[in-house]
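Quick heads-up: structures coming right below.
Below are two complexes that have subunit A in common, paired first with subunit B and then with subunit C.
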Partner chain A sequence: MNPLKSMVLIVAVAGLSLITGSAFALQGDFGVTLDTSTMLSSGVVDTSAESVYKAAAWGELFQNLAKGGSLDLTAQGSYRYTAERPYIFDLDLLRFTGLFSAALGEGTAVELKAGRFNFSDATKLILDQTMDGLQISLLFSGFQVRFAGAYSGFVLNPSSNVRISADDWLEVNDNSVFFGPKRLVAQAMVGSDSFALQALAQFDMRGDSGTEIVNTQYLGIVGTPRLSPNFYMDYNFTASYGQSTIGNKTTNLISALGGFGFRFYAENLAASQAHARVTYATGFTPIVLLLNNFSLEDFRPITQPTIGLAFSPRLANLLYVDVGYSFRPFFKNPSSSLSNIEPLVGALVFFRDPVPLLVSGTPADILVNDLNPSSNALYLGTEIDAGVMARIFSDLGLSVKGGVFVPNSSAFTSNRGIGFVLKIEASAAM
Partner chain B sequence: MMKRIGIAIIIALFVLAVVQVGAQSRVVFRTVTGKVEIQNPGEQAWLPATAGMEVPIRATISTGFGGGAILELGATTLTVRQLTRLRIDELSTQNKVTRTNLVMPVGRIRADVKSTAGTSTDFKLRSPVSTAAVRGTGFETDGASLSVFESVVAFLSESGISINVGAGETGATGDGGSPSGGANQRDANTGVVPYTSPTGGGGNGNGEPGLGIGTITVHWN
Partner chain C sequence: MTKRALFLMFAMAAIAVPLLTAQSNEVLDSVLGEATISYANAAYLVGTASGLFPETTAPTDAGPFLEQKGWGTPGHGPTDPVTLGDFSYMLTRAFGIHGGIMYRVLPGPRYATRELAYLDIISGPAKPGMPLSGERALRILERILNRKEAAR
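Here is the complex of A and B:
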């Protein structure tokens, strides 16, 4: 059977299975999970304590196919409570997965996912968001090819982390906005763990209702090759091109994101793992090249990653060093409660992008509210984190993390002092 | 006379070749601990295993709770852990290649695969969800995951897609058609996930519950 015919057959079988539901009669599972997260902070203006409580019910129907293939339908709905938004009923997940073995010949498989589920790029720095769409992966020994398309406009605003344009940012805490920003996202990836080439694009679907329309495209490489039995190298580089349209004026957005680091694992040394990583995202840099003026702009990811616990600026005009170490002191203890305790420590050192200072003599403004406009300081501050994660039982988990951010007083306005944040999470299943 | 010597040499070479082609190594219990039983091919009865006992090809070995055994397959050593069922489908040497085919429906074994001088190894262990094909010398598996101690093991998912798992690494069959390995699998092995949601629903796909705290803005006083 030729590949095109195979693909048509796969899509047809998947669609029929999804519609009828009868194919899932053989195996099923369901459950309820309860999650809570409380964040306490000291020295902040507008946030002193924030708690989120979530109760979720999930169910799964599953059927095995020939040669290791399978059909799976998983759904999860939840109720979430916060003091600001007491009633958030959400559909967290509605995912059909079809795995079709040997679809493109022996030693291959095709995986089809459709519905509402998590879409992410290989770095998780550009895209990491639950959306509604379709993903098809062609799996071969040693590498895979993936195509995905998704829409973010049906995700509730409090659940959406899609923040690209000025309009998106204005809606972050706007309770009158029901759904998150409307974006169409396309993704393609080919490669393996050691080297992958990925392309992403997002298209702003606000139309005339937006004051700023932003479309962006990304092309990059990413990988984690193994250097020695316990060492891996992390690298990624992404070039981004985009268009920002305000009224009749369109500005081209040229920006870049890069990262480089190492990971170390030693299972025999109390399951130790350590990492050191540098991440760089461009800031506004005017450049004159061959009498032509253009500029590098602030990098704009599709979703904003959470960088630090106590200090998490936007991923733009930023260079930060991230080091961390964790271990499991009772890793070989027969008690799973003791074995699954993991203390961790880490540090993040933040700088503004040094390139604008080198090129134009002035550093670009980082996107935080209280930056000292007259300061040329590149160093922004250091965050120190420590915590413990524990899976006491298979159905009970706890996480306690604390972070201290020590700012560079000359980079910020004078009223910023040392800040403390404590985050406590508990998770139970039944 | 010369003719007879020539015929004798030809016959000797033929016999040697036949022996070489059909050579079948022996499988022997080196040690037995606790309850270990063997079911010979074509028989229903389970017999208690003892150290020094030879294991016929296509026999099935079963270890009970707290039981275990060490098997010698030529130069290769298999450590069979408790609550394991293992069948030896093939152990032969042909054209300087020692072929070993094992089937493990359930349980865990550690394999230290060695070659005798002048031969290479083709060692395969199949479970209901994976196949481990050895190019190196040492690994431990429960069928769903595999830890490698020496060199490289090719780890195939049930759908036939393979990854190479190097010394110190772990391969695992999980959701999806591809077995996983490399740094991300080691992250999963060494790290503790405190989130209990089996679906990873609403979060980032790693089990985080997705509490809607995408961006936290903290302003200092």
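Here is the complex of A and C:
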């Protein structure tokens, strides 16, 4: 049976059991959400500053079970408009969730999810994508164990951020390609908020149609331990291994991703939040270990994270520092409209991976269009962001964010000047 | 949570009612024993917590009192079950919670429930048609009283 049929069958059986098992106590809810994201930009080279307008309708069936457990079936379909693609009708969510309390003894629970929903790793830097699959979480006091498996090939191409191989990237703006890249993704995680061990793997299902077949595996640790009532530490380290096959030749790929930083949150200081974090994605194409076909390669996450507003290169051969601060000046105000106004500022400072230059004298290759090939500069530029987020009402949110990227002129060709982006978002729920 | 702990929690939170009377004790015992709270008891909790009437009021009179004020749910008998949406709508009116745009346009249980969930007054699943246990009703009331106290 193909994966789509399996997924539909699982969700249909789950839905039918939900309805037939306890129809008399079934609860339903439904709603509509409207989202707009308007982008104005100037001088931006890498980021597609595209405005998006979306209307979505959702429905939910819910059933309480004994001891706080529940069964839930939620579906959401949407219509999305962009100037590039005026008609995108999509199934955003079709998820059955079963929460079975005390399934493994008192103080435990088992959560089963099946259908189309978001799968992500703990960092969201490697995987963060709606896909079709199954996830089971065993919840114990203080830690959890999670296993998931998903297929990405039935997600519409404009909705897919699965971009690993050269073929995947070629299809980003190809309107003739209906579905996103076909990948099977497996995930396992054990741990808590303070320390977790996670493993992911993706398998390229293009078969003979792909010019490059890339399979990758990831093993890492991640955590956000609380150091004091207001301070948290952020850390993650992931080692990645992979296989790139072009024709009859297979190259083994080795790369890594690491991050370290701190977060501060103080409710009594106008709900101040601050963070400072360094993220480092290694791997450098120019140096190839000739023995045994090993290559220290670009780090290849399963989905590409959005790093900056005005400058968001691929997470490969990159080191960046991210600092930010936000607060709610009217936090104590009884009006929830005023208390939820949140100004924010931030900065991102980008560097090339310094290791290749130090080891071989050749600078790392950043995957952007206009890198100056004769430059050894490590510093790439700085993005400054500022904005205001406001939840005016419980069903209306607004946000205005601006970003300015000031490039290091010697790192890029003369085409790149200062890039500006203004992003205005509004979200309403009915 | 035991009946006693819930009772103490409510007693501490009920700042508008410093001394609980014997009657209110009886009502709380009755509320805690209800798998689905009755309209009379729900109206009694909302009315006493909001200060609309004293705790000596009989629960059977609570519904009509609330309805006179426009906060009740006309058509419900004293023993009729109250849903989470019904209770939420009583609370938003009794405590002057204005709600979002949709609540202002179409005031009712549906958007009252969403508003209280947004404000974290309702935790966990929040569907307007859900049956509401007496214990959960007391927890919701505790949070709304805490919020009222924090806003002072």
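The criterion applied here is as follows: the second predicted complex is superposed on the first by the 389 of 430 C-alpha atoms of A that agree within 3 Å, B and C clash if a C-alpha of one lies under 4 Å from a C-alpha of the other, contacts with A are read in each partner's own complex, and residues count from 1 in each chain.
Just so it is clear, a contact is a pair of C-beta atoms (placed from the backbone, for glycine too) under 8 Å apart; a residue touches a chain by one contact, two chains touch by 3 or more.
Predicted model only: the values in this text are computed from it and were never measured.
Asker: Should the pairing of subunit B and subunit C on subunit A count as a clash or a fit in the superposition?
Answerer: Subunit B and subunit C clash in the superposed model.
Asker: Of the two partner chains, subunit B (first) and subunit C (second), which one does A:V404 touch, if any: first, second, both, or neither?
Answerer: neither
Asker: Is A:S101 in contact with subunit B, with subunit C, with both, or with neither (first, second, both, neither)?
Answerer: first
Asker: Quick check on the superposed pair: does A:D395 touch subunit B, subunit C, both, or neither? Answer first, second, both or neither.
Answerer: In the superposition, A:D395 contacts both subunit B and subunit C.
Asker: A:A150 contacts which: subunit B (first), subunit C (second), both, neither?
Answerer: A:A150: touches no partner chain.
Asker: Which chain, subunit B or subunit C, ends up touching more residues of subunit A in the combined arrangement?
Answerer: The partner making contact with more of subunit A's residues is B.
Asker: Does subunit B (first) or subunit C (second) touch A:P334, or do both, or does neither?
Answerer: It touches subunit C, and subunit B stays clear.
Asker: Classify the contacts of A:A428 with the two partner chains as first (subunit B alone), second (subunit C alone), both, or neither.
Answerer: Both partners, subunit B and subunit C.
Asker: Touch check for A:V52: first (subunit B), second (subunit C), both, or neither?
Answerer: first
Asker: Superposing on chain A puts subunit B and subunit C in one frame; which of 1-9, 19-27, 37-45 or 145-153 is the clashing stretch?
Answerer: The segment of subunit B occupying space taken by subunit C is 37-45.
Asker: Between subunit B and subunit C, which residues of subunit A are contacted by each of them?
Answerer: Touching subunit B in the first complex and subunit C in the second, residues 60, 68, 394-396, 428-429 of subunit A appear in both lists.
Asker: Would you tell me which residues of subunit A are touching subunit C in their complex?
Answerer: 25, 27-29, 60, 62, 64, 68, 70, 72, 334, 336, 393-396, 428-430
Asker: Would you tell me which residues of subunit C are touching subunit A in their complex?
Answerer: Listed in rising order, the residues of subunit C that touch subunit A are 99-103, 111, 114-115, 118-119, 124-125, 127-131, 151.
Asker: Can you list the residues on subunit B that touch subunit A in the complex?
Answerer: 129, 157-164, 166-169, 175-178, 181-184, 186-187, 189-205, 209-221
Asker: Spell out the residues on subunit A that touch subunit B in their complex, using ranges where they run on.
Answerer: Residues of subunit A touching subunit B: 31, 33, 35, 37, 39, 41, 43-47, 50, 52, 54, 56, 58, 60, 67-69, 74, 76, 78, 80, 82, 88, 90, 92-93, 97, 99, 101-102, 106-111, 117-118, 120, 124, 128, 130, 137, 139-142, 144, 156, 158-161, 163, 172, 193-194, 224, 226, 229-230, 232, 234, 263, 265, 267, 271-273, 303-304, 306, 310-312, 326, 328, 340-342, 369-370, 389-391, 394-399, 407, 412, 415-417, 419, 421, 425, 427-429.
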